[in-house]
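The same subunit A turns up in both complexes below, where it pairs with subunit B and then with subunit C.
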Partner chain A sequence: MITTVFTLLGRRLLAAVPILLIVSALLFCALRVLPVDPAAMSLPPTATIAEVEAKRREMGLDRPLPQQYLIWLKDAVHGDFGTSIVFRRQAGSLVAETLPATIELAGLAMAIATVLGIGGGLLLFYLRGRIFELVADMGSILLLSIPEFLWGLILLFLFGVVLQLLPFTGRLSPGLSQPHITGFLLLDALLARRFDIFWSAGQHLILPAAALGLAFSPAIMRVLRSSLFDVYQEDYIEQARLRGVSERRILLGHAFKNAALPTMTLAGVQFGFLFSGTLLVEVIYSYPGMGNLMVDAVRNADLPLIQTVGLTYCVVVLLINTAVDSLYVLLNPKLRVR
Partner chain B sequence: MTRMLARRTVLQMVATAAGVGALGRMADAAGNDAVTIGWPNDIPSWDPNQRFTPDAQPIFKAVFDQPIDQDPQLKLIPHLIKAWDLKPDGLSMAVELRDDVVFHNGDKMSADDFRYTFLDRIKSGVKLDTANSWKKVEDIVIESPTKVTMKFNAPAPTAPQWMAFLGSYVVPKKYIETEGLDNFLRKPIGSGPYKLVEYELNSRIVLERNDQYWGPKPKIARVTIQIIKDPSARVAAIQSGQVDCTVNVPVREVERFGHDANFAAELNPITRVILLQVRNDLAFADENVRLAAHHAIDKNALSKAFYGGAAVPLSVVATPGTPAYLADFQFAYDPKLAEQYLAKSNYSPGSPVKVGFAASNGQFPSDYDIARAIVQMWKKVGIEANLEVIEYAKYFELNRAQKLPEATLYSWDNATGDPEIFGGYLLNPKMPFSAWKGMDVGQKVLDLFAVADYEKRIAGYRDLNRFAVESGASIPLLQSVLTMVRKKNLAYTKYANGWVLPQSMQWSA
Partner chain C sequence: MREAVSRSLRSPRVLVALGLILGIAGCAVFAPLLAPHDPGEQNLVSILLPPAWASGGDPAFPLGTDSLGRCVASRLIHGARTAMTVAVLASLGAMLIGSILAHVSGYFGGAVDWIIGRAVDIWMSFPPVILSLILMFGLGVGLDRVILAIILVDWTRFCRVLRAEVLVVTRRDYVAAARLLGFSHWRTITREVLPATLPLLITLVSLEMAIAVVVEAILSFVGFGVRADQPAWGQMIADARQYVYQSPSNLLLPIFAIFLTVAAFNLLGDGLRRTLDVRLTEIGR
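Up next is the complex of A and B:
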C-alpha cells in the first residue's frame, strides 16, 4: 500500500515540474505584456525620463521576453525570485514570511468547511422526503450563492460591530507580542506555552476562517448528499436493513464511509480554491498573509512579487492535489489493486 | 499525570481567556496611556531613506527625526538642525546640528550621521530613493561635530524643503555599519519620539514612548498602528472600538459619524490636489478645446457631490495657504464660454470634439465617479469623452510611450506645499508625471528649477501657475481632503498636509 502511495507521489511530483514551468512561463509573459512600467514604479517621483530608461535597462526590461524569462528561471532555480519593487526585499523571503499565516487560515477554514459540509450533507440526506427537506435544500442553495468576501463582511458586521464578540483586525490583540518560532502563530503560542496568545490568535482567526469555511461548505454538503443517494441504491444497504441494522448505523457506519470518497476528492479541489479565496478575506480582516501581500503587489505593479506569490499558489494547489490523491489511494482499496 | 496536566492546561487556558477579556476591558477603561490607530497602508521598509511613500511619513516621523520639521501650517521649523543657511546661488547650505540628540540605543547623533545619511550611504550604492532627491549633493564638509556644509553640484533651491520631505530622516551610521543593514531593517532605531517595539508585516506596528527624547515627550506611552487596508473594515474597527482613530474612510461615513456623540469626524482639506493632466497634442492641441474643457467643469458641484463640499475648488495647481497659491485668481465655471471656445473651432453639442479620458478607480476617493461626472459636464458643451479606467501604475508606461489620452484624472500629494513639488514636477517635461510636453510651459519650469532666490522663485511659480491654466496646459480641479474619525476624547494636532502624528495625540478627561 505504501509503495503504491509513494509511486503515485513520485509520478505527481515529476508531473509537477513541467506544470510549474508552463505556469511560470505563462505568468511571466502575462505580467510582462501588461502596460505597466516597473522601472518607473521602482524610482522616486523625482526621477527623470532618462533615469527611468536607465533603470529599464538595468532591470533587463529592454531584452527579448524569452531571454528575460530564462534569466528569471535561472535565478529562481537558485532560490532567487527577484527583489520586490515595493518592499525592496527578496520576494521569496516576503512570501516565506506570510505563507504560514495563510496556511493557518486556510487550514482552519477547511476544517470548518469540512465539519459544516459533512454535518450539513448528512442533515440534508436525513431530511429527504420530510417536510423540512425543501427548506434545508433552499438553505444550502442560499449558502452556495454567498461568496467568501460577502461572508467576511456579514460576519464582521454581525460579530465584530453589532455584537462586539470577536476581534476582526490582524492576528493578535494589542499588548501581546508574537513569539517567532515557526511562523505558525497557534503552534508558536503552544510551543512558547503562551496560552493567552493562543487564545487571542484563535479569536482573531475565527471570523476570517468562518467566512471562508461557510463559503466552501455548501459544495461539500451537496456532493455528500448526492453521493449518499447513490450509495443508498446499492444492495448492501437493503441487506443491512434486512439484517435489522438501525437506519442511523446504516447511514453513519456503512453509507457514509463509501460516500466520503467522492466528497473527499471534491474537498481537495475546494481546498485549492479556498486557498486562493484567502486573498479578499485577508484584506477585509487585515490578516497579514500571502493574499494581503498579493493585493499590495498587484496595486503597485510589483511584478517580481506577483510572479512569486502566483507561483506559490500554484505549488500549494499542486501539493494539495497530490496529498488528496495519495489519501484517496490509501482509503480506496480498489485503487491500490490497480 | 498526563491527564492531570491536560486538565491543568485546560484550566489555565480558561483562566487566561478570562484574564485576557478582563485586561481588554481594563485597557478600554484606562485608555489614557495607549492608543490604537487604524492605518490604511503598511510602511514599505524600515529604512526611512529607501522609499518615498507619503502615507508612511507619519509612522517614520514617530521613530526617526528629520533635519527640518514643519509646523501645522507647514512653515519650516528647526528640528535636528538648529539653523540652516542656503547661499544665494543655491550651491551650498551651512547647517548647525543640535548636540543633545541621542538614538534609541543611546548613541549620540553627530555630523557623521548627517553626512552618512545624505552622502555616504547614497554613494555606497545602497538603493535609496534619497539617492534621487539628494543627487545634487557633491560633498558634505564636516566643520565640527555640530556644523556641516552641504555642497551641491547645481543650484538646490528646495534643499531646505527636501530636508523636511520624503525620505529625509537621519539614520545612525555606527549602528548600521556595525549591525549591518539587515539587522537595522529588523530592529530599526532612530532618534524619534517613539521606539519600535514590534512589527508584523501588513498587520501592525507597536511603538513605545522614547523617554530619552530630546524634544517634547509624547503624551501617549504606547501606540499600536493596526494596518487595515479595507475602508469598510476601518469603519467597522472604529465603530466597534477596536481602534481609537482612523483615516481615509468614505465621506458618507464621516457624515454618519458626525451625528454620533462618541466620535469626532472630520473632512480636512490637505496639500493634495486633484487635477487633469493634459496633453498638448491630439484633440487637445487646440487651445480652444482645452480651455473649453476647463470652463465646462463645475468644481463646486464635484466637491459637494463627492466630498461633502469640503474639497476646495482650485484654479491653480497649489492649495490655499501654500506659497504659490493665487487667492485672487479664479478660473470660472462657465459652460456658455466653453461653448463659445468650442464654436471657434467648429465644435458644438451637435458636432462634438472627441477626446480620450483616463481615470483610476479606487486610487483616491471617488476618482472614477468624478471622471464620470466630468464626462457628463463635457457632453453638455460639445466634448465627447471616451472614458477608460487605468491603474495608477499604468500611467507612467502610457505617458512614457506617449499613449495617454488627451486628459487623465490625477491626484498629487505635496506635504511641503512648495510650488516646485506642485507645478514644477507636474509640468516638467523631463519628469515621468508630466503629460504636457510643450516647451512653452516646459522651459519656464526648467528655468525655475535653477532659481535659488526664494522670493524670485515663488514669484516665478505664481506666474507659471497662472500661465499654465490660462493656456490650458493645466486643469486643476479640487483640493483633496483627508477623512478622519476619532473617539471624541482623543485630541491631536491637525497638519495642513494631512499628517496624523501619534506624538501629537492625547486623551482628554
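Up next is the complex of A and C:
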C-alpha cells in the first residue's frame, strides 16, 4: 500500500517537471522583456553608464535570452535564485523565511474550510425541504459572493475594531520573539515550551485563517450537498432503509462515504486556489508571509525576487494538485484496478 | 432560444439579479449626474466626516468624507462606473478569446486541440492572483491595463469548460448532417455548434463578471489597479483601512458595494444555469 503511494506520487511528480520547466522559462522571459533594467536598479543613482554596462555584463544581461535562462536554471538547481535588489539578500533565503508562515496560514485555513464545508453540507442536506432549501440555496450563493479579501476586512472590522477581541497585524505580539527551529511558529513555540508564544501566535493566526476558510467553505458545502442528492438516488440507500437502518446512519455511514469522493476532488482544487488566496489576506493583516514579500517585490520592481516568489507559488500549487490527484486515485477503488 | 429567454425572464432569481445589475449599471452610466460632488474634489477642512445622519455629519456629504475630504457617496457612484466597465469589457474579452479557442479546439480536435489544451494547462498552473500581479507589474496601472490583465488571466476558464461542451455537441448527428450537406466548417460552427453551446457561454459570462469585479477591487486595493485619480472601490477600502477607528463606515460602504455587485452577477449566473439547463460541474473561482 505504502509503495503504491510512493510510486504513484513519484510518477506524477516526474510528469510535473516539464510543466515546471516551461512555467519557469515563461516567467523568466516575461520578466526580461519588461522595460526595467535590473542592473541600473541595483546600482546607486550616481553610477555612470560605463558602470551600468559593467554590471550588466556581470549579471549576464548582455547575453542572448535562452543562454541567460540556462544560466539562471543552472544556478537555481544549485539553490541560488539571485540576489534581491531591495533587500540585498539571497531571494531564496527570503522565500525560505516567509514560506513556513504562509503554509501555516494556508493549512489552518484549509482545515477550517473543510470542517465548515463538510459540516455545512451535511446540515444543508439533513434539513432539506422546500422552503428551507430555497433559503439555504440563496444563502450559499450570497456566501459564495464574499471573496477571502472581503472576509478578511469584515472579520478584521468585527473582531479587531468593534469587539477588540483579537489582534490583526503581524504574527506575534510586540515583545515576543520567534524561537527559530522549523520556521513554523506554532510548532516552534510548542517545541520551545513557550505557551505564551503559542497563544499569541494562535490569536494572530485565527482571523486570517478564518477569512480564507470562510471564503472557500461554501463551494465545498455545495458540492457535498449535490453529491449527497446524487447518492440518495442509488438503490442501496433504499435497501438500507428497508433493512431498518436509521436515517442518521444512512447519511453518515452509507451516503457520506460515497459522496466524499467528488467533494474531495473539489476541495483539492480549492486548496490550490486557497494557497494563492493567502496573498491578499496577508496584505490585509500585515502577516509576514510570502504574499507580503511578493507585493513588496512588485512595488519595488525587484525582478529576481518577483521571479523567485512567483515560481515558488507555482511550485507549491503544482505540488498540491499532484498530491490531490494521487490521493484521488488512491481513494477511488474504481481507478485503482489497471 | 426565444422560449429559453422567456423562461429565464420568469425566474425570480434572474429578475432580482437583473434589477440589481440595472440599478448598479444606472449608477455607472449616470454617475456625473447622480454624484453630489466631483469624486476627486478634496475638502481638507472637512476630512473623515461621518454620514449625514450621524452626529457631526454634514448634509452636503450624505455618506461622509474620506481622509482627503473627498465625498464618499460620489466616490462610490463613480467606483461603480469603474467596476462595471471592467466587468463588462474584461468578461467579454475573455469570453471572445476563450470561446473561439474552445470551439476551434473541440471542433477540429487533433494537433490543434492538443496544443491549445497544453497552453491552457500551463497557463492555469500560474495561480490567478500571482499571474495578474505579475501582469500588472509588466503592463503598468490604468483601467485599460486592468481589463487586459483580467482577459489574459481568465480566458482559460472559458476555454476549458466550453471545449468539453463543444466536444459533446460536435459528435451529434445534426452536426455531421450539416457537414454532409456541404456546410463549410465556419458555417457548421456558427450555425450548428454555437447555438448549442450558447447557454453555457452566457452563464459563464455572467459568472466571469462577478470574478472581474473582485479582481479589479483586489488590484486597486493592493495599489496595482486603476490610476490613483480614478475612483475605485478597492482604493476606497485601502484608504479606509488606515482610518478604520475614526471612520468605520468608509470601510463598510465599499465592501457592501462589492458584495452587492458580485452577488447580483452570481445570482444571475445561477438563475441562467437553472433556466437554460446548463450542466456546469466546474465552478472554479
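The criterion applied here is as follows: the second predicted complex is superposed on the first by the 322 of 338 C-alpha atoms of A that agree within 3 Å, B and C clash if a C-alpha of one lies under 4 Å from a C-alpha of the other, contacts with A are read in each partner's own complex, and residues count from 1 in each chain.
To be clear about the criterion, contacts are C-beta pairs under 8 Å (C-beta built on N, C-alpha and C of every residue); 3 or more make two chains touch, one makes a residue touch a chain.
Treat the numbers as computed from the prediction; the structure is a model and nothing was measured.
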item	value
Subunit C versus subunit B on the shared subunit A, clash or fit after superposition	clash
Which superposed partner A:G139 touches (first subunit B, second subunit C, both, neither)	neither
First, second, both or neither for A:V86, with subunit B first and subunit C second	first
Touched partner set for A:G119, first subunit B, second subunit C, both or neither	neither
Which superposed partner A:A50 touches (first subunit B, second subunit C, both, neither)	first
Contacts of A:I22 with subunit B and subunit C, given as first, second, both or neither	second
First, second, both or neither for A:G175, with subunit B first and subunit C second	first
Which superposed partner A:A301 touches (first subunit B, second subunit C, both, neither)	both
First, second, both or neither for A:I284, with subunit B first and subunit C second	both
Touching partner for A:L153 - first (subunit B), second (subunit C), both, neither	both
Contact residues of subunit A, present in both the subunit B and the subunit C interface	153, 156-157, 161, 283-284, 295, 299, 301
Subunit A partner contacts - residues on subunit B that touch it in the complex	9, 12-13, 16-17, 19-20, 23-24, 27, 34, 36, 38, 42, 44-45, 47, 50-52, 127, 129, 132-133, 166-167, 185, 197-198, 200-204, 206, 222, 224, 226-230, 232-233, 236-237, 239-243, 391, 393-394, 396-398, 400, 403, 425, 430-433
Interfacial residue positions of subunit A with respect to subunit B in the complex	35-37, 40-41, 43-52, 86-89, 94, 97-98, 153, 156-157, 160-161, 164, 167-175, 177-178, 195-196, 198-200, 283-288, 292-293, 295-296, 299-301
Subunit C partner contacts - residues on subunit A that touch it in the complex	19, 22-23, 26-27, 30-31, 34, 141-142, 144-147, 149-150, 153-154, 156-157, 161-162, 219, 222, 269-270, 272-273, 275-277, 279-280, 283-284, 294-295, 298-299, 301, 306, 310, 313-314, 317-318
Complex interface listing, subunit C residues touching subunit A	121-122, 125-130, 133-134, 136-138, 210, 214, 217-218, 221-224, 237, 241, 244-245, 248, 251-252, 255, 258-259, 262-263, 266-267, 270, 283-285
